[in-house]
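Letters A, B and C mark the chains as written, and numbering starts fresh at 1 in each.
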Amino acid sequence: MDIFLQQIINGLVQGSIYALVALGYTMVYGIMGLINFAHGEVVMIGTLVTITVAGTMIKAGMPVVLAGFAGLSASVLVCMALGWGLERIAYRPLRNAPRLTPLITAIGMSIVLQNLAMMIWGRNYMTFPPLLPKMDFEVAGANFTAVQLIIVLVSSLTMGGLLLLVYRTKLGMAMRATSQNPAVASLMGVNINRVIAAAFVIGSALGALAGVMVGTYYEIAHYQMGFMLGLKAFTAAVLGGIGNLAGAMLGGVLLGIIEALGAGYIGDLTGGFLGSHYQDIFAFIVLIIVLMFKPSGLFGEKTGDRA
Amino acid sequence: MAEVLLQANQVAKHFGGVKALRDVSLSINKGEVYGLIGPNGAGKTTFFNCMTGLYVPDGGGFTFDGAPLIADAPHQAAERGIARTFQNIRLFGNMTALENVMVGRHVRTRAGVLGAMFQNAATRAEEAAIRQRATDLLHYVRIEDRADDLAKNLSYGDQRRLEIARALATEPKLLCLDEPAAGMNATETEELRDLIEGIRADGTTILLIEHDVKLVMGLCDRVAVLDYGALVIEDVPAVVQKDQRVIEAYLGA
Amino acid sequence: MKKWLNPRSAFGISLIAIALIALPFVAAMGGQAWVRIVNFAILYVFLALGLNIVVGFAGLLDLGYIAFYAVGAYAYALLASPHFGLHLPFWVILPIGALLACVFGVLLGSPTLKLRGDYLAIVTLGFGEIVRIFMNNLNAPVNITNGPQGITLIDPVAFGDFKFSGTTQIFGFALSGPQKYYYLLVVLSILVIIINLRLQNSRIGRAWQAIREDEIAAKAVGINTRNVKLLAFAMGASFGGVAGGVFAAMQGFVSPESFSLIESVMILAMVVLGGMGHIPGVILGAVLLSVLPEVLRYGVGPLQMAVFGKMLVDPESLRMLVFGLALVLVMRFKPAGLWPSPERKRELTGEA
């Protein structure tokens, strides 16, 4: 029983991170129908920037709190600029192109960012500086750490803030209008370019935050870490119904829990034939099953072809 | 008593709270030109889309040529013998006019991947027959001189004709035309009318959705009127024209 | 129908034939390594033309193509190596590999092909990763794939006593192993070119194009779009399986490392950069993207040493960077590819 509870807690933490990254995919997809393959790379760069900034400051003897805050800010700023630049330089010129064109551009950008990161930070694993105190808690036989608690708390607060932004502000209304019908929204005076840029910038800021969390949680980072993370976050977005913010959040948490439980029990389920290193396949199996039976996702609206 | 080709039984379809079709029942007889009219948004195209399998009806169903039509399978509708054109012309724009009609032969031909790979005698004969039939059909709708032009470069009237030729290539028992005269001038409409008369004379039943009341009344054997998704009347044009409810529907209450 | 046999075409074809026959001898002057590079270029031509059926003809974005290649390669490796002690002849295994890849293609394609194009891309990508994860981990508790170490000592292609490995004397010429594989690959590639050409101008080929142009209209004229797409998907998969088998035999060694996502992206890029659906364009794309990296590999390092006196950038990452940038730039400025078919160019750029 404590394995079950333990895996739920682990899944919740991992899922909060997926949710934050999934929001970046879902916002961009909801507004312009593009799978921004490079988003995972933005998250990765967020992690690596934090390592550089916070790591250097800690080495210089500055207080950990200050270093952590500076690292986080730097990473959020860099990622926002990166998201803005991606949209402006790579995607905007292709806005009226056939669907495959921006998708291939996105793959290209993902390769470019990964290899740029490799040139800057090298191909080795890097250690993430410890920014949070190490504390353990125990509830009902399951353990969790301060880091895990903070990840769940911060991501919940951030997501709440995002919902407020989207449902309570003028920018949010413009975003929702654009995702419904860009042409009409623009006739109503919505500046489409600004809305799309905002979606990229906000998504990237959330991605940077997620990147810092991943680093803090696993204490290790690598220039290739963004790919799998991005893929799973996208799966989470699809699971929740792509284009749907609350769906992405729930999808992320759900995927995290499915993965954790799957990894925890796969050995028993298959009589020891498959072990926990198959953890990565659960996301894809979930993805394929969702797309087979409910392609609009668990919380998405049904979208059909029109004659 | 005329033989029924298509029977609609209490077909219903709603989108969210909007009832686009309310238990519409009507029957189309073999060999006739059947008109379906009604104000904008009355549900004509929705009816079409349900019948040709693009939408799944929420209630009721269709019987075609003695057997029920399976919902949600547009390609099967074509196989059974229902062909259609679209209100906002849907051609394969970057294929030539001839190729468009050749695609229409798909459902009546068989060659598969192996045939294409090995180019056996049967495949080559079939390919030649497809080409011949498509050429004949372009001739039939009188755009044979545009055969090698890309569909999207054809004039509006020619595109309408090409769409009809492509539909005819599937050898339909029932040809459904969704506002074929939309956007046509008087001469083009007159030519279209001749074309439809010709198709009927060759034995194909026609379902015509049209705004041009004059064209419908002149061409159709029977007419059905839809308003707010419900069938108002189904009768010969002379009766429909005089019906008070129809006049109200068109003039607005 | 025989109009391509006019004197000028006949002359052109003879020239190409002579060049193709002579190429391995020319390449061998630079060492057998160059023959191997040429062989890989041709293997990529084969793979890219297989994927072209899926992406170029049917318009389906398949990002997991390498998984089918992997299935073919592992099928060959397991059935013709000491790993299980099986040594079936290659002409038995190649069809098995193709069939197996085809079955995988149908299994993956049938639930997902009704989905929108970009979902298909993600699902195929995920499938590619699943296959790789299994190859990496199916070494315990029962050792099937031998895990990350891969499978070694795979039998070469052989017709009776004629083996494709080692040097053979034929008509006074000494033919090395890679040179023999070269001719096998050329024959296979010519076959796949003919199949591509014939499919394009067939009933099925037209149906693929119709689906690409307007799926709803295609359904309305009676095309069973799901089955026809599945056909393209399964065919592409089979070609991937065949290529994988040849790869395994030629290398004598397979490991999961050869089947990473970037390989799928690379093959897709060959199709897209060359000119989707246009056979000469795809061939160009495959040759460019498989040979250029080698040139970069041999050129960039020494060049940096000469100019700066030290290695500033790792040639491998520079190669990938250039590749990524090329994808972005081509999509921006030549979205129909470097050598598009006249008709596809109009389709993608809107020029009349």
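Definition applied: contacts are C-beta pairs under 8 Å (C-beta built on N, C-alpha and C of every residue); 3 or more make two chains touch, one makes a residue touch a chain.
Not measured: the values here are computed from a predicted model.
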Practice task
Compare the CA centroid of chain B with every other chain's and tell me the farthest one.
Solution key: A
Problem - Chain nearest the overall C-alpha centroid of the shown protein atoms - result: C
Completion exercise
Averaging C-alpha coordinates per chain, one finds the centres of chain A and chain C separated by a number of Å equal to 33
Practice task
Could you give the separation in Å between the centres of chain A and chain B, each centre being the mean of its C-alpha atoms?
Solution key: 48
Practice task
Just give me the whole-number Å value for how far the CA centre of chain B lies from that of chain C.
Solution key: 43
Problem - Two or more partner chains touched - positions in chain C - result: 216
Exercise for the section: At least two other chains touched by the same residue of chain B: list those residues. Expected result: 54, 86
Practice task
Going through chain A residue by residue, note those that touch at least 2 other chains and give them in order.
Solution key: 305, 307
Exercise for the section: Mind listing the chain A positions that touch chain C in their complex? Expected result: 33, 35, 90, 93-94, 97-105, 107-112, 114-116, 118-119, 123, 227-228, 231, 234-235, 238, 272-275, 277-278, 280-281, 283-285, 287-288, 291-292, 295, 305, 307
Fill in the blank from the handout: The residues of chain B that touch chain C in their complex are 52-54, 74-79, 83-84, 86, 90-95, 99, 102-107, 109, 111-113, 115-117, 119, 123, 126-127, 130, 150, 152-153, 166-167, 169-170
Practice task
Please give the residue numbers of chain C that touch chain B in the complex, ascending.
Solution key: 195, 198-199, 202-207, 209-210, 213-214, 216-225, 231, 235, 343-344, 346-347, 352
Exercise for the section: Write out the stretch or stretches of chain C touching chain A in their complex. Expected result: 59, 61, 63, 108, 111-112, 115, 117-119, 121-123, 125-127, 129-130, 133-134, 137, 140-142, 215-216, 261-262, 265, 268-269, 272, 313-314, 317-318, 320-321, 323-328, 331-332, 335, 348
